[in-house]
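Here is the structure we will look at, set down as structure tokens.
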Amino acid sequence: MAKFPAPKAPGLVKGLGVTLKTMMKTTFPSRGMKTLIPAPSIGAATVQYPHEKEMPAPRARGVIALKEENCTVCMLCARSCPDWCIYIEGHKDTAPPRRPGGKPRQVNKLDRFDIDYALCMYCGICVEVCPFDALFWSPEYEYSELRLADLLHDKDRLGEWMQTVPDFEPYEAGSEQKVRKVPR
Amino acid sequence: MSIAIELAYWQQTVLRTVGVLVAVLIPAGTLVYVFLFKMMSFMQSRLGPMEAGPYGSMQLLAEVGKWIQKEDIIPWRADRRLFAIAPYIVVASVFLILLAVPFGPDAWFADLDVGIFWVLAVSSISVLGILIAGWASANKYSLLGGLRAAGQLIAYELPMVLAVVGVVIQAGTLNLQGIVAAQHGGEIFGFGGIGNPYILSQFIGFFIFLVATQAELTQTPFDMPIAESELVSGYMTEYSGMRFLLFFIAEFASAGAFAAVAATLFLGGWSIPWVDLDANFMNVVGPLVLLTKMMLVAFLVFWARFTYPRFREDQLQQLAWKVLIPLSLVNILATMALKVMF
Amino acid sequence: MTVTERQQRAYVDAQAADARVNVELETDEGMTLNIGPQHPATHGTLRVVAKLDGEQVVWADVVPGYMHRGYEKLAEVRTFPQVTTLVNRIDWLGSFANEVPFILAAEQLMEIEAPPRARHIRTILFEMARVANITLFLGDLGAQLGAVTPVFYAFRDREHVLDQIEAVTGGRFHPNFDRIGGLKDDLPKGWIADTKAVMERIRAFCDQVEELLFGNEIFEARTRGVGVVPAEVALSYGLSGASVRGSGVDWDLRRDGGVTGLAHADLDWKVWTHPDGDSFARCWVRLQETREATKMVDQLCDGLPGGPIMAKVPRIIKVPEGEAYVETENPLGAMGYYVVSKGDLGPFRVKIRSASFSNVSILPWLLRGVYVPDIITILASLYFILGDIDR
Amino acid sequence: MADATTDQAAKDAEDQSPEVDELRQGWLDVLTDALGDAVVGSHIAPGRVLWVRVARASWFEAAEAARERLGCTFFDFLSAIDWMPSPWGRYEDSAVDVGVKPFDPSSSFTTGVAGGDTRFQLLCHLANVRGRNGQRADVMLKTDLPDDDLRIRSLVPLYGGANWHERECWEMFGVEFDGHPGLRHLYLPSEFEGHPLRKDFPLLARLVKPWPGIVDVEPRPAAADEEVEPATADDADGAADGNGDEA
């Protein structure tokens, strides 16, 4: 078996050393010349939330945004949601033909698209399974409500989140994934 | 009292009660803010409370306000009267300790000739308060906490007393004012420059006194009675509202009181080396000097609190009986021998 | 008695009756102490009923089940992608590591191999889940034994690991990133460099904890010789991971498990064991494993091959009929999934073999004649997660 | 009921021959000569798992043989499988929306690897992790329990770890373990009736709330009278095979 590291200086003193060193590093963060001026708010690792905000990663799954134009009411997201928290209602409608003189197209119109964020577990299956790129992730996280019922976002509230959806990032070297585009 | 204005006796007592309140609460408040809120946070690379007041200075006021307005629950099967009395006993012992501690030539509450003997006797009253709290809360965790506290505090009073004996031998008097004067005037091997603070000659005594203080305050290496991860918060588990506030004040006031006693015994109390002791301005400078020395000692106490894990109570008892007490006895013998020779 | 006192008495008696019926325990002498289900030392809702004689435990029993969510029943009514989100909530500290054995079992049934790049990134995230899990253990170990400082160091440095996991998968705690046949997406640009910096921080944290805790005489006094588990008893109770390596058993599924889905085979790393089998040994082995994991992530980041992230897999996956059992070395121990599939969209039966369930089943044997504070030391050193026990 | 398994065993035999995993074949031989004809069936997934199905009576001896002969001292897990398809329907088509497919016990159901002809099958994985007898080994023991008499001998005398696993198996499947020190509820409250992991135990969460995915695109409001083809059931709809056609 490996030899176990007997503590050189008595452990009790080294322990005190660690806490003192951290205190010094927090109160006097090393900033070249200005190190001697105590600046704990820079040295500390914590973020004072309401005043300073930490931006989550662009891929963070904060809230789901809906691009209504792309949605064809295929119900795939509602069916594959494990928590049963997507409620969709739609009806069939005719749309003007693409080419002048052509036959009027059969199109599904979306009446209701609610996501109940009180039940949602942010797994992302709906965003992934949507074949028509209508659902996107946005790293927005500040939408808590006083009443639980307000957590049911309807279709235009989900549409508002579309502006907060960041562009997809480029990939690491050696990856063969192509960068998708967010339909603005 | 050789102060210029003559004070009627009742004015003196009013001044003294206000003085003791200030002498207990102000150091307790500063200790809580400087060490528990700020130093602990910096040691853990965070900022501590920043919301209440500039740099979180009003945080203690906010907490006191919170505790006062919180509901004061007495558990259903608790022994109501004992449950109510316990915190007052613990707080009383702190005030009694500071009674004998001198802050200046004339700034003292009672110049007792048995000074240090009184301090040590009175400091053991808090054990009663803690035991009563543990028993009266009708909660298994509190009972365990109370019994552990009883075992530990009694076990650590002995080394504290023996550590002080070394100082008393060297100073030749029990009176704290006398000890301060002895440290001010004495010299070490002929060099009288900075007087003779007993920490230099009595460093073993100082170390044992510090370890014993850590145990008396039930602080982390010895915080079996308030073991958060086992007994939730030991004997204080069932307390809430104003009563918990009393326990909290008692905890930090006794930290301040013991630090003051340690400063008086080992760091020369309120005296500064080259200044004449009886000068009038010392009545103002003395308390400030004692406060700084107290903060220094308190720094050591809290530094250990934020670094170390916790002893198991059988290891804790072994440390007291098998290590500290023999060590302090040896220290007393050495002091006596040196005292006789020089 | 007034009305309220009568109601209160009835309520308390009902509680006591439930406790008694559930545990069928009559103690005439000594005191029965309920540690949990609401207790700071149990990582969640584990209840240890201990019969005390003074401070010494005469007899202790563990009552799990306060967080039983019935995952094996839920898995039978879900499709395979939905079970992945369900399953990474079992050991919620190292949650990517839960998905891997389930996906490997499904891939084994479908005879699909993930492309080399996916296999590498899967191993990177697997080891980072281990680092995230065990750094919190190292901090929490201090808290259990009374030291308040290590927890904050642990959380400060663990945040960076979670940020890196969030940058790739989108979720800090529940990544849900593993798919049958590969991964959901690829690494964002600049991720590799950041990860190496984070691993450097974690190594610095490990040195800090070693100086603050492991070298400390009080810590050694509290943990050495406490809760000694001989190797035979550990194996017969099914202990796995660092708990069994702490008793001197040189067994690690990453090396001897024959799991081809992860890229541990082509890295050089060392399996750490400790002969004593006491609480100190278990914690010490976990500390060395964290360092080993950070070195592994560095090696993996250097040798990352190019190529696709996902094998050719149809959008709607029907796993062919059959049974598969895959067990990998998760942060808490050996975690395995016995997946039975009948060719439908979802599994027919999933037996989840979680590490903490067996690790904690040794407690009644281990807690006999132990002091009350040592119960907490042993609970801390066995390091269980409640979701893992109760499933 | 057992007709499904005969071709099953045949299929096992021929797919085993292409690449014989001699390592596991060796373990199988060790067990067969230790247990004789108690080994009822076996299956090897080359390079992965060895399944051995033993008769119910010699379950204890099989575990003992694995422990002594193969050195499998590590008790991995013990559980059971209920092979009856769930009468409550699959996936999301909960009873509320779709007619319940009544399950008639006479219809045959296929059991898994290494055959087996009863509804309940006990499953136990033992492993030799220290490589004591020179080589690491692991074996997946299986045995069949007749529906009317779910009793078997407990493995607690051999492995301490079997205690909790058997308590869970008793609680979830109703399998009685003779000689177990204390068969108490492990997860469920003490007054819980029924055995949840049996397939005929309904999952109430799914029956209470109507499935939001069941809703389909309504027809055009104006043309309600004209002939309406069934809802556009693209292939993904196959997931819920029962609900596509009501309009």
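Observations on the structure shown:
Labels A, B, C and D are assigned to the chains in the order they are written; within every chain, residues are numbered from 1.
Just so we're on the same page, a contact is a pair of C-beta atoms (placed from the backbone, for glycine too) under 8 Å apart; a residue touches a chain by one contact, two chains touch by 3 or more.
If you're wondering where the values come from, they're calculated on a predicted model, not measured in any experiment.
A comparison of the B-C and A-B interfaces places the larger number of contacting C-beta pairs at B-C.
Seen from the C-alpha centroid of chain A, the farthest chain centroid is that of B. Taking the mean of the C-alpha atoms as each chain's centre, chain B and chain C sit 44 Å apart. In whole angstrom, the spacing between the mean C-alpha positions of chain B and chain D is 66.
Centre to centre, using the average C-alpha position, chain A and chain B are separated by 52 Å. Taking each chain's centre as the mean of its C-alpha atoms, chain A lies 26 Å from chain C.
Of all residues in chain C, those that touch two or more other chains are 78-79, 149, 153, 156, 212-213, 216, 218-219.
Residue positions 43-46, 306-308 of chain B each touch two or more of the other chains. Listed for chain A are residues 12, 15, 18-19, 22, 45, 80, each touching two or more other chains.
Under the stated contact rule, the graph of chain-to-chain touches falls outside the line, ring, star and complete shapes. In this structure, the chains touch in the following pairs: A-B, A-C, A-D, B-C, C-D.
By the touch rule above, chain B contacts chain A in their complex via residues 39, 41-47, 50, 303-304, 306-308. Interface residues of chain A facing chain D in the complex, by the touch rule stated above, are 73-76, 78-81, 84-94, 108.
Residues 78-79, 81-82, 85-86, 117, 149, 153, 156, 159, 163, 166-171, 174, 176, 184-192, 208, 210-220, 248, 272-275, 284, 304-309 of chain C touch chain A in their complex.
For chain D in complex with chain C, the residues that touch the partner chain are 45, 47-49, 51, 73-77, 79, 81-82, 85-86, 90-92, 110, 112-113, 123, 125, 129-131, 136, 140, 158-161, 163-164, 172, 184-191, 196-197, 199, 201, 203, 206, 235-236, 238-239. On chain A, the positions that touch chain B within their shared complex are 12, 15-16, 18-20, 22-23, 25-27, 40-41, 43-46, 48.
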